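Shared between the two complexes below is subunit A, which has subunit B as its partner in the first and subunit C in the second.
Our next item is the complex of A and B:
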């Protein structure tokens, strides 16, 4: 059994302040900007950077709830399929004559419902692991999407709908504005509210938090429903960018999102990491991809670079954790030797 | 001890990443050098975006494109997302727009899904054409098509008739039941079969092997079992034709059942040599890419605008004319190319 010493009065020291993983990500961002503007003359200008931001931000909305889910030691790999299904429902309803505004509301509802169903299964059958449950719903939701639309595409949305994916608010992409607003909201939710603190508590020790009166099930349901809702928002932006949709959209988005969360310093064993880290990681991966795309490196090479980046970041975060609890490790090693 | 292990592991990773970065910077600089060589008049850059990486047909297509661009002394940018998705292609096109390329040639993963981003490219003065797999008429200036679907359909029936002496049962082994190009070709095959000279030929079944080797093999075996008098199998897909030929060869049915259709020479050489498939067809992906490259160049050099009736010289391939289609315009590469015992040797190593 591991014991965790939680001191509720953390003294502020400059050393601790600068040792935060978020500074590492900011440094990484600066390095990426420097390298990118050196290797490509097209990187450092306003249009390029805003255009790139519009391209990679769509899936970033799912990062918010995914951070919470992973802090709670769970995972949701059905978000890509949820996005595809909500997008298909929206397009099908609109093509059937439903007004676009209602179709968008339906899209959000379907997303939230998909997420709620994941949460419900996990709460109802506690012995099931989140990987298996969301793997099943990942296949299920994608299957329903294919059933509705078969292998066709649907679209012909009204002109104003393209504003989501392509519009600007006074020179700043609309998607970026919304992302920043939501990011501030989620940072406050996770870092400053009771719900946020309870999420950390559940991640650190689910049993103890349950026994101490934390409504674990309620929080789980809420967080998974949020994941579905955010997947639906992703669906709206993605569909708007493409102007049409088909059942295989948002393929593998779950992996991209999990990669961003992992790079953001959220520990996979739960209870650790900050929302801000994941938000920064979105931009690190996004601009890294864009910069490498500008010098036209092959797609496989891109995967290698991101893979290495992830390995390094996970090792470093892990290293920090082990250093903080050296005694625990030592004891474990001793125990191993004895047995 | 443990800590030192971790530190050393970490250092190895950091070194790897530094090495990777170093390489990238190196290659980046060299390509930058290329573009800035001319100073004021930079080399014209033409980009091609294929469906996904690791597709042999796509590699040959891009090779042809690169050849054409090199001939006109431009710089070719070859890109493809690692998954065959619209999202991946949008991202790449955005990157190409930022790089201010002169033209973008796209083999699309979706007919409509790229419209907004391609329209944006066109608005920024970039010439946009599609090749192999088209985008809708609003989002392209011209489409470069391999061959007329009518010609592809009809020629396969004509060939089969010649192989089996104009009478007997025939079957089609296609890709998936929703594959739009295959379905169109099969429609034309059926129309060709309505002609009186094929009265004694009977199309008994259209089977779907889904472009999977296993399923195509079992579908072929089922066809042979259900129709013992079957004379020919037409497989208008590269996976299907190879699978059908393998089954016929393994069962020792050479001479009794013939196979023809559309196949890759490298995969079919064995069966053309052993007579299972006397001859078959395919367009040359290298030529297709070459024609696309030349078309892109003609658009950038303003020899054509992509309107119906425009004509231009496509280097080694000769002269081409832009023709009208249902929505938009296209350039046709020409009739499918015949591969037989006489020429298979020179092609089997090419693609």
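Our next item is the complex of A and C:
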């Protein structure tokens, strides 16, 4: 029996290197920076840039697990509601006299539990689609948030809590530091570890990977729980920055997150895409929003821009994936003829 | 043999589902009635049916989309956009005939739906992503065309506001329109070739394509139809509440999808009945109308609705699983 080496490592060529989607995103970033700094003198200014970064980075933490979920051909639209619920639980516990540290731990736990519940339902009932499960829990989680707090808001956090949203570490916002550290961690997790490679395997062919011994259920459970946990981290930063919380916080965050992931070049048909692309896309969308805000374009126009950006980027990534399909088909036909 | 068994069983299950749903609605009504006798008063019932009319119009359109394995999250925004454009037109031309206003709404809705249909069928974007993007775009356009202002009751002509309060043949116009659409849909999905093709495409897209069904045409059709119905619902909504706002119908798509799921439409495609969807819409209508009557805080409503949807989804799956296992056990080997 001869052994065949199956390897997906392609030979390095400069052409392939520069044809990567990530360069496109970097180019977009450069363009946005140039246009913005030409239009508004206030843009290229250290304080304003760090301030802007702090405002859009909170939801970016959900991007990491969402990349994995979408690579696995699933989707999670309950993350905004999860963030709202964990934020409400944290604030309510603190207002009830629980120490802040324990309230924060509870917030993380609630988030992870929400995500775990999504994953558990998907694993237990395999014929359910992620769309329907997370759609129901999206209503349920926000509904519970409304049950707890009704139309009140909760706040009055201790002073040190505002550090999460407003603090600096040696001139760099704390949130940015944590984001970079987590980004490196998640890039390594997805690109270099067995679990990461298995996520790609599940995305390109769920059945085949199940048959070849990949514990699909365990990975799914892990990834959805991570999504809940990251939603809770988002909740902490958001609550800290705003100083109080209401049941309607983090509304429609799932949309922004999915837009970032799609723009990052993650194919919605599964199995393709890189974490780095999504991380770059976070900054592209963030600075685009900030720039449009600076030149007084109303928030409603932002909705249109994000919606169109989402559709265009999905179209382009789909096009990149399917462009190679005719060749594959031709090969398949050849193989059929031979047999 | 086994095929026959299976079909008999599924038919039974289908009937059981609808009777179960009907039973649940009746039970719920009795409980609410016992707690608050005002529930079954003629005034409240008319209100309930009027509220359910718009929901059921949208749910019927959503049923077709779900049957083709798609989903449309943009209908709340489409509803707002077409309602807003119709209201703006009425504000500018108060003498406009109400039918023309409805027509404008439908046209706007059809255009919105056709864009989504194109994205799904020709460009090949997943429906959930395409409609999520368009939801944002349409919502933004609603704010944009209105200049972030409301169109309030005093700016609308009486004839326009009259759409929702007038009656045709003794039935409220909203309900009348809903009944017409219900009859049309019942005929369309059960008795026409295109209607059956929608089911065929949903239960197995690959074999549907091989057997010569033009899937792009079907996708275009269901999303355009959904858009048209959202446009119609938008005008009716604005006429009923006598106000067009930027955030009209925000999040309403979830209620509509919930009505479909409660009515037994499978999100995995191919399954769904007009009567079931209607019952699902009525159940949500009863909850919406009845819970405040028995002093359930409005803030609990969303949570209760979410729990009921989740339970319905799980119940569907468990029943389906059991039936399939029983069929396997009974199979003659």
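Keep this in mind: the second predicted complex is superposed on the first by the 319 of 339 C-alpha atoms of A that agree within 3 Å, B and C clash if a C-alpha of one lies under 4 Å from a C-alpha of the other, contacts with A are read in each partner's own complex, and residues count from 1 in each chain.
Convention: a residue touches a chain if its C-beta (ideal position, glycine included) is under 8 Å from a C-beta of that chain, and two chains touch if they have at least 3 such contacts.
Just so you know, these numbers come straight off a predicted model, no measurement behind them.
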Contacts for A:308 in the overlay, against subunit B (first) and subunit C (second): which applies, first, second, both or neither? both
Between subunit B (first) and subunit C (second), which, if any, makes contact with A:295: first, second, both or neither? first
Residues of subunit A touched, compared between subunit B and subunit C (which is higher): B
Once chain A of both complexes is superposed, is A:242 in touch with subunit B (first), subunit C (second), both, or neither? first
Touch test for A:150: subunit B only (first), subunit C only (second), both, or neither? both
Would you sort A:166 into first (subunit B), second (subunit C), both or neither based on which partner it touches? first
Touching partner for A:125 - first (subunit B), second (subunit C), both, neither: second
Between subunit B and subunit C, whom does A:140 touch in the aligned arrangement: first, second, both, or neither? second
First, second, both or neither for A:183, with subunit B first and subunit C second: neither
Once the complexes are superposed, what residues of subunit A are shared between the subunit B interface and the subunit C interface? 150-151, 298, 300, 302-305, 308, 311, 315, 322
Name, in rising order, each residue of subunit B that touches subunit A in their complex. 2-3, 6-7, 9-10, 13-14, 16-17, 20-21, 24-25, 27-29, 31-32, 36, 53, 77-83, 85-88, 90-92, 94-95, 97-100, 110-117, 120, 178
In the complex with subunit A, residue positions of subunit C that touch it: 71, 119, 123-126, 128-130, 132-141, 143-144, 148, 246, 254, 257-258, 261, 267-268, 297, 299-307, 309-310, 313-314, 317-318, 320-321
Tell me, which parts of subunit A touch subunit B in their complex? 35, 38-43, 47-48, 51-52, 54-56, 150-151, 153, 155, 162, 165-166, 238, 241-246, 248-252, 289-290, 292-300, 302-305, 308-309, 311-312, 315-316, 319, 322-323, 326, 329, 333
Given the complex, residues on subunit A that touch subunit C span 75, 77, 121, 125, 127-129, 131-133, 135-144, 146-147, 150-151, 247, 255, 258-259, 262, 268-269, 298, 300-308, 310-311, 314-315, 318, 322
